[in-house]
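Look for chain A in each of the two complexes below; its partner is chain B in the first and chain C in the second.
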Partner chain A sequence: MKLISRTLLKIAPVKLAALAVLLTLGATATAMAQNPRIQTSQLDGLAAKASETVDVNIDESLMALTAKFLSSKDDDERKVKEIVSGLKGIYVKSFEFENEGQYTDADLESIRSQLRNPAWSRIINARSKKDGSIEVYLMHTGEQISGLAVLATELKEITVINIVGPVNLEKLTQLEGEFGIPELGLEGSKPKRKN
Partner chain B sequence: MKPINNDADYLWDKTGEPDPEIQQLEEILGTLRYQPRPLEIPAGLYVGRERSFFRGYRAPLAIAATVAVLLLGLGLWLGLQRVERSPQQVAKSSETPQAKPMISPDEKQNPPVAVSSPQPEPKQIVESPRHRFNPSLLARNSKRDRNTVRDQQLTLKEQQEAQAAKDQLMLALRVTSAKLNLAQKKAQSTNAPDMIHNQHKIG
Partner chain C sequence: MRRFIICVAVLALLGSLPVTQAKDDGFGDVVKLIEQFYHVKHQGIPLLARAGLKTATTVARISGGPRRQIAEAGSVKVAYFDDQDFKSNVSYTGFKSSMNSVLIGWSPFIQVASPKDEAQTYIYLREAGEKFNVMVVTIEPREACVVQVNLSPANLAKLMRNPDEMGNTITVDATTNDNQ
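Let's turn to the complex of A and B:
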């Protein structure tokens, strides 16, 4: 033990401090690279042009507070509680415009550049000139999902969703049309042609 | 005073006839003669290079600096986390102050059922005159009353926050679920023709 301490003291203390700084910076950079939270504040400027804006920011503390108020006795609320348990944040930004061309690819580049991080893997990339595109990204920590990001663009609409924490995709997908959550049927809502 | 004998070398190398006067001087000055002895440095005397505050504290200072840097890094990290978690913003709408989700044309005709259930009205308790008490006869603890009111206010505030957060949560889940379903459907619809195409290839 004495030998170790002597050796450590022999090394110039300044070098030791520099090493600590480097280690700290390295650890911080790694942690930031693995952070499933994506920054969407760059899109805030679009709110002025949008006819409808949805901006939801629920962080860990608010999530915990909300979870407390979700009843375990009520079946519907219990399902929501199960889905959100363990989540560290839900962030949704959606802008709907009156006219086309209110946003550009440059607006989305800041989001896409974050999602190009190797920690993210794109599981769905559906593109159509008519209906726009939708991309779904997942971040894994080990075998567990640690983050979800959805980037959906239409001619008059942009939606960015970011969920931080272990996401149960199956349960989340099944949520639409259940209990208090009406089926938006974004695609199915189009009137069907009668034969 | 005797005249100096120039022939005598006593004064220079103690040869020749000794000069008593010089001998006397020698005796007097001899007490001050150099006598070799070991160097003794007084205990209170500090002789050294220019003193620096940091000299002698290098190791503890390095450790302290490392800890400070680590704390700074941690602080920066936490600060970044806090910035990322931007303050709560209730869903904004240009029409209503309430959070308004994207609604399809069909739904605009039949608006969705509100997620939050209406609060039941509090029951009114009617007291009989017999059970009424004179408040002035009760011992009061004004401090406790104030604390209770404050607690009630906090709880009420918390409840309001939780209710608002719950609405936001439902809205967020609704949008997420809808978009995921849409992605799933689109992915399936784009994959389906390929699968058929592949089947033809195989067949």
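Let's turn to the complex of A and C:
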């Protein structure tokens, strides 16, 4: 009996530790899967070919600062203040190229593979030979939207926008032209909705 | 003769200004990095004054007068690299990485590289108590400028709405006056 107890005492901590590790790994994997912040650093290699590269990073603290310090008295600022309240980040990365064919779909795979995660759902997928394509994705956490991602491509341009926090298409439209988010023409377009 | 006296007075005033030297953390590191990376040398304000560049206006700005619109008075640090070669075959991504590694504790807010125009703009932010340190680095084919200012959160919030213009706005505010 003593032997069994001793053996159990020896094994139990090991098993418990293993279980803890598994749980931690599982939790980390879930957290990563549910992370509305998409990684764009793998696109950095395109900078060498691009004629212009823009990288805008507005993290949670800067977002909070903006929401706090924009004036409530000025109509324009109040409107923006309301839109950005609660947002945890805006990240924009864009590349412009001198010629067509300087990037391929393979270059975008690092972004698309993240957006293929079931946590993301594509709400807009508009494609045009002339104007390129625009894909808009939302991430839901429970019933709330926790992030938005836009992948817009033209023959000579790539733009990736990632907004972290409670955001929707209407907010995105209102944020066009602000905080480094380019004009996407979402309001006037009639995109094909796919899921 | 009168012009000479004015020039001497301006140089004396500029020479006495304490805020133009690249000695502070972050600011000095970036100036040094640019010098090493591009094999150039920054010029102090007095030297630029001697060359007739923005003398009076620089005095007005650097001394932290009431004319400043955005930056906190007395907070401005400026280093110019005038008429030097920034076109050498350096990697933009390499320079960007070096900047990021030098500016520990600073957040990269916007980074724009335009190899076609051989131009780069970087803006970094850092919390400094109730204010924010903002550093703007602009590099063009023949000149570069490093500007560091303190901004109030309210001013920073306003400027952040238009990141493309932010660097230019801060640099202009730090180096010119309303009469220019």
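The criterion applied here is as follows: the second predicted complex is superposed on the first by the 159 of 195 C-alpha atoms of A that agree within 3 Å, B and C clash if a C-alpha of one lies under 4 Å from a C-alpha of the other, contacts with A are read in each partner's own complex, and residues count from 1 in each chain.
By definition in this document, contacts are C-beta pairs under 8 Å (C-beta built on N, C-alpha and C of every residue); 3 or more make two chains touch, one makes a residue touch a chain.
Keep in mind that what you see is a predicted model, and the values were worked out from it rather than measured.
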When the two structures are laid over each other on chain A, do chain B and chain C clash or fit? clash
Compare chain B and chain C by how many residues of chain A each one touches, and report the one with more. B
Of the two partner chains, chain B (first) and chain C (second), which one does A:I83 touch, if any: first, second, both, or neither? first
Between chain B (first) and chain C (second), which does A:E98 come into contact with in this model arrangement: first, second, both, or neither? second
Under the stated touch criterion, which partner chain does A:L65 make contact with: chain B (first), chain C (second), both, or neither? both
Which one of 40-48, 166-174 or 184-192 is the stretch of chain B that crashes into chain C? 166-174
Residue by residue on chain A, keep only those touching chain B in one complex and chain C in the other, then list them. 47, 50-59, 62, 65-66, 68-70, 80, 180
Along chain A, where are the residues that touch chain C in the complex? 44, 47-48, 50-59, 61-62, 65-66, 68-71, 77, 80, 98, 178-180
Chain B partner contacts - residues on chain A that touch it in the complex: 9, 13-14, 16-17, 20-21, 24-25, 27-28, 31-32, 35, 37, 39, 41, 47, 50-60, 62-63, 65-66, 68-70, 80, 83-84, 89-92, 94, 96, 124, 126, 128, 131, 134-136, 148, 150, 152, 157, 159, 161, 163, 169, 172-176, 180-182, 184-187, 189
Partner chain A, residues of chain C touching it in the complex: 91-93, 107-116, 125, 127, 132, 153-154, 156-158, 160-164
Contact footprint of chain A on chain B as seen in their complex: 58-59, 61-63, 65-66, 69-70, 73, 76-77, 80, 84-89, 91-95, 99-107, 112-115, 158-159, 161-163, 165-166, 168-187, 190
